[in-house]
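Chains: A, B, C and D, in written order; residue numbering restarts at 1 for each.
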Amino acid sequence: MSLNIAHLAVALAILSAFAPLLFARKTALLKFFSFMFLGLSGCAAVVAGAMALLADQVVTMVVPIGLPWLHCYQKLDPLAGLFLLIVGLVTAVVGCYGPAYVREYENGAQPLPVLTVFTGLFVAGMFLVMLAADAFSFMLAWELMSVASYFLVAYQHQNSENRNAAFIYLLMAQVGGLFILLGYGVLAAFGGAFSFDAMAAAPLSSGWASIAFILAFIGFGMKAGVVPLHVWLPQAHPVAPSHISALMSGVMLKVAVYGFIRFSYDLLGDIHWQWGVLVLFIGSVSAILGVLYALMQHDLKRLLAYHSVENIGIIYMGIGLSMIFSSFDLPLLAALGLVAALYHSLNHALFKSLLFLGAGAVLQNSHEHDLEKMGGLIRGMPITALCFLIGCISISALPPFNGFVSEWLTFQAALQGPAIDSGVISSLIPVAAAVLALTGALAAACFVKVFGVAFLGLPRSEAVSKARESSFGMVFAQGVLALCCLLFGVFPTWTVGAINVIPQHLLGVGLPAATEKGWVWLTPMAAETASYGAPMVLLGICLAWLIVWLWLHPRRRKTPVRVGDTWDCGFGPLNSRMQYTSSSFTQPIRRVFRPVWPIDEQIIAKDEKHPGGHYHLRVGDWAWNKIYLPIGRILLASAKRAAMIQGGNIRVYLAYSFFTLIFLLWVIV
Amino acid sequence: MNALYLTLLLPLFGTMLFAVAGHRRSAGTINMFICVATFATSLWLAINVFNQGTLISDGKLFYIDGFNVYLILLNAFVGMTTSVFSGPYMAHEVEIGRVDDGRMRLYYSMYQGFLFTMLVALSTNNLGLLWVAVEGATLATVLLVSLYRTPESIEAGWKYFLICGVGIAQALFGTVLIYFAADKVLPGSDETLLWTVLNAHAMELEPTVLILAFVFLLVGYGTKVGLVPLHNWLPDAHSEGPTPMSAILSGLLLNVALYAIVRFKMIIDPALGTDLPGKIMMGFGLVTFATAGLLLHRQKDVKRMFSYSSIEHMGLMTFAFGIGGSLATFGGLLHMIVHSLTKSAIFVTVGHAAHVAKTQSIDKIRGLISTQPTVGWGLLLGTVAIAGFPPFGVFTSEFLLFSATMKSWPWLVITLLIGLAVAFAGLFRHVQPMVFGEAPPGQQPVEANMWPVIIHLVLILWLGISVPEVLARWIDQATIMIVGEGLL
Amino acid sequence: MNGWVIAIIQTALMAAGAPFLTGWVKWVKCKLQCRQGPPPWQPYRDLAKLFRKEVVISDKASVIFRISPYLIFSVTALAGSIVPLLAVGLPTSAIADVIVLVGFFALARFFLALAGMDIGTAFGGMGSSREVTISSLAEPAMLLAVFTLAMTVSSTNLATMIYRLLDFPFQLYPSFIFAGLGLLLVAVAECGRIPVDNPATHLELTMVHEAMILEYSGRHLALMEWAAMLKLMIYGVLIANLFVPWGVALEYTAYDFAVAMVTITAKLLVLGIVLAVSETSLAKMRLFRVPQFLGLAFILSLLGMLSHVILEVR
Amino acid sequence: MQLISLPVSEQLILTLAALILFTSFLLLAQTRLVTLIHTFALQGGLLFLTTVLVAIASGRHHLLISAALTLGLKVFFIPWQLRLLVVRLDIRREVEVVGNASLIMIGAGALTLFSYYVALPIRELSLLSTRNTIAISLAVILIGMLMIITRRKAVTQVIGFMSMENGLMFAAVAATHGMPMVVELGVALDVLVAAILFGIFFFHIRSEFGSLDVDRLNRLNEVDR
């Protein structure tokens, strides 16, 4: 049943891609049908996912397509269900958001049907990845997802940065896909077949298992965007249409996480501690570098993209912890780490989509994506601002919103480090916890900057000052996500209770104690070890607020608030250029962590072009400068070397033939 | 067998007809009809083979089995769709005055002549005749390569002629050696060079002669396949000839040459008892694959670029047949089909693109999608397909190939992987700016017949999502024939 | 039910005592510097006056500016409610553990910094920028310090931590020395004391906390100030009760409470003196020296953690 | 195996083989075009003789047709056509400079040795004396290739190519007593067409590049210039 609904979701997504083409000329109908089907498909996926997750059932099916001896295996289990739910939720929301948002593209340079077709295919690809239960259909769905999203990134291809970003994206997607394929190849070679069941049963030696793991780690990491495989992410996400960025950043990265979990827990099974250490290390590095790079960005969507790197890092930290515990035969703790990672996947999908949708709303209404030119948007777009604020609080991992819960769970897992029977590892794990703490604090700093610079203060450009609230659909979509952020933050026990079946499937145990104290108290290990009463926190804040308000309210009548000018030190009226900008806000952090970024910073004194002087700042990416550019250079140099073979002289060509012959004759004799 | 004779006679008739009447305006249409008829008869032939199994002609000169029949069908099909494209394309060339009547006669006549030689090469049972037909194919196309009479096209033609001539001469020596070996087993027989006979007596042949023969055959036919470092003629010939020519060269000729190598390998392998030929082929395949991938980065001419892509894929197929084993062979055979279909579709689109932009230079082709969306998307999707992205069929065959490599030569997979990534980057960095972006001022859409492209892309899409049972059984038969065991 | 009442009373006590602690530090400092100084209860007078005064709000301010004081105070008060001032085992302490406590501070700071940026002055942005920089460095150091304790007692729940520390047979934990020192440094930074910040000046080059609340007046300013005092109080109680847990009431008897009351007062007064002495003897740092200061805190906490793992486990 | 123990016909074939190899060396060394064409015709003649001899000695009379074809094509038609072209293109007197001629000759000698080395395993299996000719024909083929590689004139390259073809035919005739008829005919047809096409190309190259120097055909390349 759940699988049928999931297939319905896929069908609806494909329908949303192609059915509206019947109305290719009538934009209104095109938009309506496309996004309606998309939304319905999302809803169907949510239903299917929830059924699989809550009913704790595994449904399988064989579809007779694909290769003759390798039919397409489909399976929906709780793990797939959770991620199906995540994808479906965001897709459904995007279905509400889309029609109003794509208004911008109606009369643009590119035809709208291109956008809707590939959006549908993209979503269908993501659904199919979750459902695939053999390597072939997995790769098929996976690459469908990659290619479709490539076209979406390249949608506004009249801009060169779109083209470049799309190229880098597709290139890395291709490489990643190949790595994954190889990973499956190892398993299939030992398991004798491509179905997941056969692979899971493959008798792997420890060395081959590690090779398969590394391949999968790189492959999925490429898509998930862990450092240093993240470089496509900050390029591709900003240039895609915002609802696509929301899907890509919020959901597609989760699909990679899903694949990684599926591969390492389900297919490989016997986990080595070295893998866990690797995942934890890369996760920590991604988290900290992601947030540090995010801090330095002033393009709103690029900043959010770097935050995706950070959050994926946090998810990987959870997974890494889980792997380490699992390898030391501590399944309960392993379950805790896994639950934390899964929960964070859900949360990140929610708040990152919310933030991207907010950024889209800002972009649509002010045509501005540069933080340096924003400001004061809260006055024109109050509801968007409120939703965005909720997103900011959530992603900064502040109670009582959802981001906090999953980070808290990750902390709890990290603090159980000493349970491990190895001194070095158990002392390293708390360090990871410290990194997580630093990440969280820096993320908060970053979102103070984002919200403060974009929505508060004075508008820094004309267009921004005229921005008005978006239409109902867009606001509604953001509202839904904001509400989800709150609900998943305030009622974590229910969520953890539902997610619990996944570690039961993968590791054999769940977290029996997590919800034993009732729905108010989240006690992952035991009540005395740690507890978090999220509803009580919300209640407490409200209560405290109420008391203060009741106490102060009478005074308000006595001495009403007087509105006056801002204090300007007596120098005359303030203007928007006196405010701290995005760059200046992060200047202290830039000083503190100076070596982290390749910085090109110049202060140009007054000259003709810049009568007021000029400050120039460019923050690059070391991964790009030190890894990718050299690879590119090596590639081009070797291509140049290889080109010598095609020198143009026919006598040389014939000499090749001659010497090849001689060589071969010499070899065989 | 009648189906076969018809299949062979139709193009032969076409060759003669066009030698006289190729310059007429209706020639393009007639050409198309002949090709359609050829395809129909080849389909008939295929159904015959499918129903009755292997066929052999009375004089044992022709022999149709599961291996070659699907290549015959493929040849006829690609020949047909390309002829659909070729008519309007050449009419446009006449219009802009690049070719005159005489050359049009030559063109159509040789188009059919080329198809004829290809079909003969595929269907013959006599290995000597195989050589004659492949050499004939070179001779038929060499003037087409230099059809435009520009210095570059003359140069390309000369290189094509001489390099292939020298190469193919070596193949003849290989054939002579095979004959020499067989002569000892079956002295004085007229049937000594028949593949069926050789295959039956493969175990009795002298291994030391055979390995020597194999080297010559590999270098000889390998020159036609485009194996590095014997490939140098290929990009030149593809880029300078008329585009329909490039489409069938890439789609057919290379396959046929590879087919020849595989046929010989089928005889040589059992006699030899070692996998030395396989290893040599793998080595060639890898070197070819890697070099072509790198050279993709240095292209300035769009047809030249796609010809390097053909070299790359031929390398991959050679590698697959070199590995041997049912999985790799199945993948290699499937790859032959999907590569032919995709590459000819790409060349068709490239032809239109070159007409739109009035140049073949990559730097000057810009914004195809905004000028003519069908051409732009066709080129982009074709490139996506050839780069091995699902849901297109190239992915399926590469998937099989990778799995096979993983099974027997796991470490080589890394080379393949790097090669694929490099090749992909090389293709896309050039194709992207051509299709995307804003069109240069004054660029106008041209009359384009995109049906061949659409049909090909739909077919490879179909093959990517689901390989039909019939085709799979067919390929499996061929696999059984080549390596002795099937997959199904 | 009993527990809830005690918890609320305890929170109220905390809130009520906070201004005194601030005043006490100031008074001791004045004495140390041989100045007359205001009496320790001067902050109460200030707050009372501020609550009565008119509120002037900039016309550039948004709703964030208005709700921030209430939110910050509520959150800080809630944070206060989970710190065991007098007794352990109260129901409020189950609401949140020490990680959530840090989260509360972060939430308050988040809005504080936003409020600073809201009216669009240079001062506000400057203050916010510095505040988030300092706190983002202080937070990990603090968590690491607390984690050392949490690992020792294998719990992150504050009440459980204190309870177990009291329950265990007395032993010397070398890690606690480092963690305590680390936490002390963090507290100094977080509460905006010398040498990181100077709450007593409004010198634009140095101010952090004051820059953010520069635009506030009347009861809003009062709430902000009070929240800051409360924060100092919470840190004081935290350090006092975590590292010197004796005296905290384990059972809810009048005697125990009285003892707890006396001991915590004494501990806080001593802490206040320590703070005053250090503030007197140290000079305010340059802003870009602060990371080094916090780096020291981080290293201390890390050493604490490592010495726990190396020396104390098994 | 003693030479003396062989029948006269086979002794003759071996002698002819030696002569053909010798003409190959001559071709390699010859710099004047017209003489080169004559030498090529001579090689064709030797091939014709061999074919006739084998046809008579082995009693495979269809080889006589093959011999006739060789006579027609290799001895008369192609040399005649080449000579005609040389006259028409007015390059009779052109002398081709061959760089480092002695080195090339040493190379050709080494190739002969190498061919012998390669064919050695076959030879050891042999019963028939004619099997030795495999080595000779291989040497002729390789020397033909060497000639194509070292010469810069299109005409010389074609002669090299045709001389390779001669080596092939020699192998077919001497080592295996001729290929099946249909193949012989096909090969002959191909050679004929090729010879005509070469002629067409000479004119094109000459008119587009102003010379028959193939080193000038270097526009199509991937190298930065």
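Keep in mind that, in the parts below, a contact is a pair of C-beta atoms (placed from the backbone, for glycine too) under 8 Å apart; a residue touches a chain by one contact, two chains touch by 3 or more.
These numbers were taken from a predicted model, which means no experiment stands behind them.
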item	value
Chain nearest the overall C-alpha centroid of the shown protein atoms	A
Among all chain pairs, the one with the most C-beta contacts	A-C
Centroid spacing, where centroids are CA-atom means, of subunit B and subunit D in whole angstrom	31
Whole-Å separation of chain centres (CA-atom averages), subunit C against subunit D	99
For subunit A paired with subunit D, centre-to-centre distance based on mean C-alpha positions, whole Å	69
Separation of mean Cα positions, subunit B and subunit A [Å, integer]	44
In subunit C, residues with contacts to at least two other chains	none
Two or more partner chains touched - positions in subunit A	640, 643, 645-646, 650, 654, 657, 661, 665
Shared-contact residues (touching 2 or more other chains) in subunit D	118, 121, 145, 148, 214, 217-220, 222
Pairwise chain contacts, counting only pairs that touch as defined	A-B, A-C, A-D, B-D
Subunit B - residues contacting subunit D, complex	61, 126, 128-129, 131-133, 135-136, 139, 142-143, 146, 149-152, 154-159, 161-162, 165-166, 169-170, 172-173, 176-177, 179-180, 183, 188, 190, 192-193, 206, 208-209, 212, 235-236, 239-240, 295, 298-299
Subunit A to subunit D touching residues, read off their complex	640, 643-651, 654-655, 657-658, 661-662, 665, 669
Contact set on subunit B toward subunit A in their complex	158-159, 162-163, 166-167, 170, 211-212, 215-216, 218-219, 223, 228-230, 232-233, 235, 276, 280, 291, 294-298, 369-370, 373, 384, 387-391, 395-396, 399-400, 402-403, 405-407, 410, 413, 417, 420-422, 424-426, 428-429, 432-433, 436-438, 464-467, 469, 472-473, 487-488
Interfacial residue positions of subunit D with respect to subunit A in the complex	114, 117-118, 120-121, 142, 145-146, 148-152, 214-215, 217-224
Of all residues in subunit D, those that touch subunit B in their complex	60, 118-119, 121-122, 125, 134, 137-138, 141, 145, 148, 154, 157, 161, 164-165, 167-168, 171-172, 175-177, 179-180, 182-183, 186-187, 189-190, 193-194, 197-198, 200-201, 204-205, 208-209, 214, 217-220, 222
